[in-house]
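Listed after this line are the structures, all set down as structure tokens.
Both of the next two complexes hold subunit A, though its partner changes from subunit B to subunit C.
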Partner chain A sequence: MKDMWLGLRAILLKDIVVELRARQVLPTMVVLGMLIVFILRMASESAAAGAGVPVMGAAALWIAFLFSGLLAQERSFAAEQQNGCIDGLLLAPLDAGTIYLAKVAANIILLTIFEAVMVPLVLMAFRLHVAGWGRLAGVLLLGNLGISSVGTLFSAAVQLTRTRGALLSIVVLVLLLPMMIPASFALLVLFGALPENVVGSGSFAFVGSFRAAVAYLLAFDAVFSVACWLLFGVVVEE
Partner chain B sequence: MRRLLLALAFLLLMASTWIGLTRGQIDPVQRNILYVHVPNSVCALLCFVVVLVASIGYLATGGQTWDLVAAAAAEAGFVFATILNATGMIFSRAEWNVWWTPSPRLVTSAILWFLYAVYLILRVSLPDAQRRAARLCAVFGIVAFLDVPLVYISARFIPDIHRPNFSLDSAWQTAALMLGMAGTALLAAGLIWLRTSLLRDSRKLEQELLG
Partner chain C sequence: MREAMAQDKLTGAVLSVRAVSKTFVTRPVLRGIDLIVPASEAVCLCGINGAGKSTLLRVIAGLLRPDRGSISIQGCEVRREPEKSRRQLGMISHASMVYPELTVSENLAFAARLYGVPNRAGRIEEMLTGTGLSSYRHDRAGILSRGLLQRLAIARALLHRPAVLLADEPFTGLDADATENVLTIFDRFVREGGTILMTTHDLHLGLRCCARVAVLDRGVLILDARKEEIDAPRFLADYLSYARSRR
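So, the complex of A and B:
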């Protein structure tokens, strides 16, 4: 247990120090996110003031989040590929699951910093009012967990098989597709575009309520983080 | 044996179509599509289960055949999922006047189709006969399967525009549907079998040419 903790801390600290010194990915992530927000803001400009704005705001936040997340995840193993660092990492007397957890933690931290920059920007650009900051932070954290756990596993897999990086994006996005349903629902509720409980058979009625959406996000995160953690060993094994 | 299987599937599907067109017609006319739609949806899911089982089998044993079966089942499943979505959209347009709407079942079927599509792209982009590449496909097959029940269970008990429990009025209609089910299931089995042996031969040929 102590070994695991030490190894986890060492890899996590290494990744953070590398990012702080070389600033390899965070600036790129932020600029990409800002560009996405800017483009969507332009595309949603209409004659009717404020039409569709909360909807586009929620979309902008998740799209920026997904695509910038991909940048972070891709780098987290691409960097190890140089000079064969990955072999050293895998040779370390550590459980493969520990390496995975450390990498996921690094990616979660990167995405959280990214979120802290992006959320105010999106709120300003789309003139949104948030109903409950704590709930917004919770929903974004749950989304972060899902994106990072799936992304980190397949980043390692795609890097190790030396295939084109473009594959990573479709693999990760398609697996995150189901999570985007409750995630979008929750953000739309928080931005005031949907009521807390949706009844009948209209759009999103099947998610039901904000609580159900959060429960669904929790279930997704639990299932996927455990599955990815268990399968990481299989992916890196020679 | 394989030819027999496919021929039997063809006969059953013809019988199903014939009964459906003569004795088992459903009113209004667009609802007759269920003779194609329902068997295809069941077989798409069955193929997905085969991909899951074969992926687990490959990771557990490392046997080449498991890997090939997973690839073949994904190809067959993709065809069924495409037909499922296409017939569903045609029906939806005729019955509800929209091509698509985000109702739980339609979302699930669309996700199913996307998962198969990405699986097939993954298959063709990865370098062949590399153990890590095959393992990546197996891992994707397993994780992808986790997606389906998550959406499905959450959507199952909620009122939906799509009615899962259709009622059949006559024995002819039941017969047409059941024959369709059996025919499509045999077709699925035949296709998986055919593709598995084809993939095995092409892999063998490649190895002989290279080595």
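So, the complex of A and C:
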């Protein structure tokens, strides 16, 4: 356990130092995110007044997190390919799951920093009011965990099998789609575009309530984090 | 398997490769390789390109799974006890396995944490002095010359005091001074009880630092002899003519 913690902390700290020195991921994430927000802000002007603006705001946030997250995750293993560093990691007396957990933790930290920049920007751009900052932070963290756990596994798969980013985007987006419905629902409730409980038909009525949306996110994160952690060893072998 | 491990204990084998085979898709790359190496011995593994040298090293390191056979390091079976056997192993390959954004010291500190090296600062200092990298400790690895980078790769591989060092073409791209430096480090490692299995195209260098020579041809070990058992000049001439005939 002590060895696992030492290894996990070493990889996590190394990833953060390398990113701070190379500045390859965060600036690109921020620029891409701002671009997406700007485009959606332009589009929202043509949307109907009222509920249209929070919908665009919530969409802008999740699109920005998804695409920028994918970018960060793709880089996290591309950097390990340089100088054969991935072999150095795999030769260490660590369980493959520890490498995966360290990489997910590093990606969560990067995405959290990115969120800290993007959320105020979106709130200002769309003039949104938040009903409960704690709840907003919780929903964003759950989304962050889902994106990072799935994205990290597939980033390893595409980098180590020498396929490139296009496949990563397709597979991850398809897998993350079920998470996006409760995630969008939760943000729409927090931005005041939806009531706490929704009845009727459609995907939002299927989610039902804010509590159910959070429960879906928790279940998604639990299932996919454990599954990806278990699968990582298979992915990196050979 | 238990019999083989008991035999390793009796013979003092540190590295034991038994009946290892590996096929890539339909192409057999290693065919029934047997190789036993005791402590304090350096083995030079020769063979033309595509003979299976690097594949054998990667299989021993646990980076590739063999189709058949078993490998044990210090009595630990690589597939059954991967973490324990990797702790006994250091590896130098074509790639340096160091992060160009980190300094020389930071790369070593990272490796020391991965392997849980006790007295980290002291051991890093020892490795920096031993490889002549003390004055480069604050330089980023990305700006080091090929020779210095190779010394850093060796320091990284030996930092956790492994019993076995796998070296894949360790002299490639090195000038005469850097080569001498690497030979000195290898010599010290073997004198201190370490075991080396190295691949090289430069047979002169291989014969200089190794007590034993093994030749791999199309995945089969066709020669495994101690240096004193062969006539070195004749062996070199025969090997060159064999290598030409295989092109």
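What we mean here is this: the second predicted complex is superposed on the first by the 231 of 238 C-alpha atoms of A that agree within 3 Å, B and C clash if a C-alpha of one lies under 4 Å from a C-alpha of the other, contacts with A are read in each partner's own complex, and residues count from 1 in each chain.
Going forward, a residue touches a chain if its C-beta (ideal position, glycine included) is under 8 Å from a C-beta of that chain, and two chains touch if they have at least 3 such contacts.
These figures come from a predicted structure and were not determined experimentally.
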item: Side-by-side fit of subunit B and subunit C on subunit A, or clash; value: fit
item: Partner contacting more residues of subunit A (subunit B vs subunit C); value: B
item: Partner chain in contact with A:Tyr216 - subunit B first, subunit C second, else both or neither; value: first
item: Partner chain(s) touched by A:Pro93 [first = subunit B, second = subunit C, both, neither]; value: second
item: Partner chain(s) touched by A:Val235 [first = subunit B, second = subunit C, both, neither]; value: first
item: Which superposed partner A:Gln82 touches (first subunit B, second subunit C, both, neither); value: second
item: First (subunit B), second (subunit C), both or neither touched by A:Arg135; value: neither
item: Touched partner set for A:Arg9, first subunit B, second subunit C, both or neither; value: second
item: Geometry of the superposed three-chain model: angle at subunit A (Cα centres of subunit B and subunit C, steps of 10 degrees); value: 90
item: Three-chain overlay, closest Cα atoms of subunit B and subunit C, distance in Å; value: 6
item: Intersection of the subunit A residues that touch subunit B with those that touch subunit C; value: 237-238
item: Residue ranges of subunit A touching subunit C (in the complex, touch as defined); value: 2-3, 6-7, 9-11, 14, 17-18, 21-22, 79, 82-85, 87-95, 237-238
item: Partner subunit A, residues of subunit B touching it in the complex; value: 59, 101-104, 107, 111, 114-115, 117-118, 121-122, 125-127, 130, 132-133, 135-136, 138-140, 142-144, 146-147, 150-151, 154-155, 158-161
item: Contact set on subunit C toward subunit A in their complex; value: 61-65, 83-84, 86-87, 89, 91, 93-102, 106, 110-111, 113-116, 140, 156
item: Complex interface listing, subunit A residues touching subunit B; value: 150, 153-154, 157-158, 160-164, 167, 170-171, 174-175, 177-178, 181, 200-201, 203-208, 216, 219-220, 223-224, 227-228, 231, 234-235, 237-238
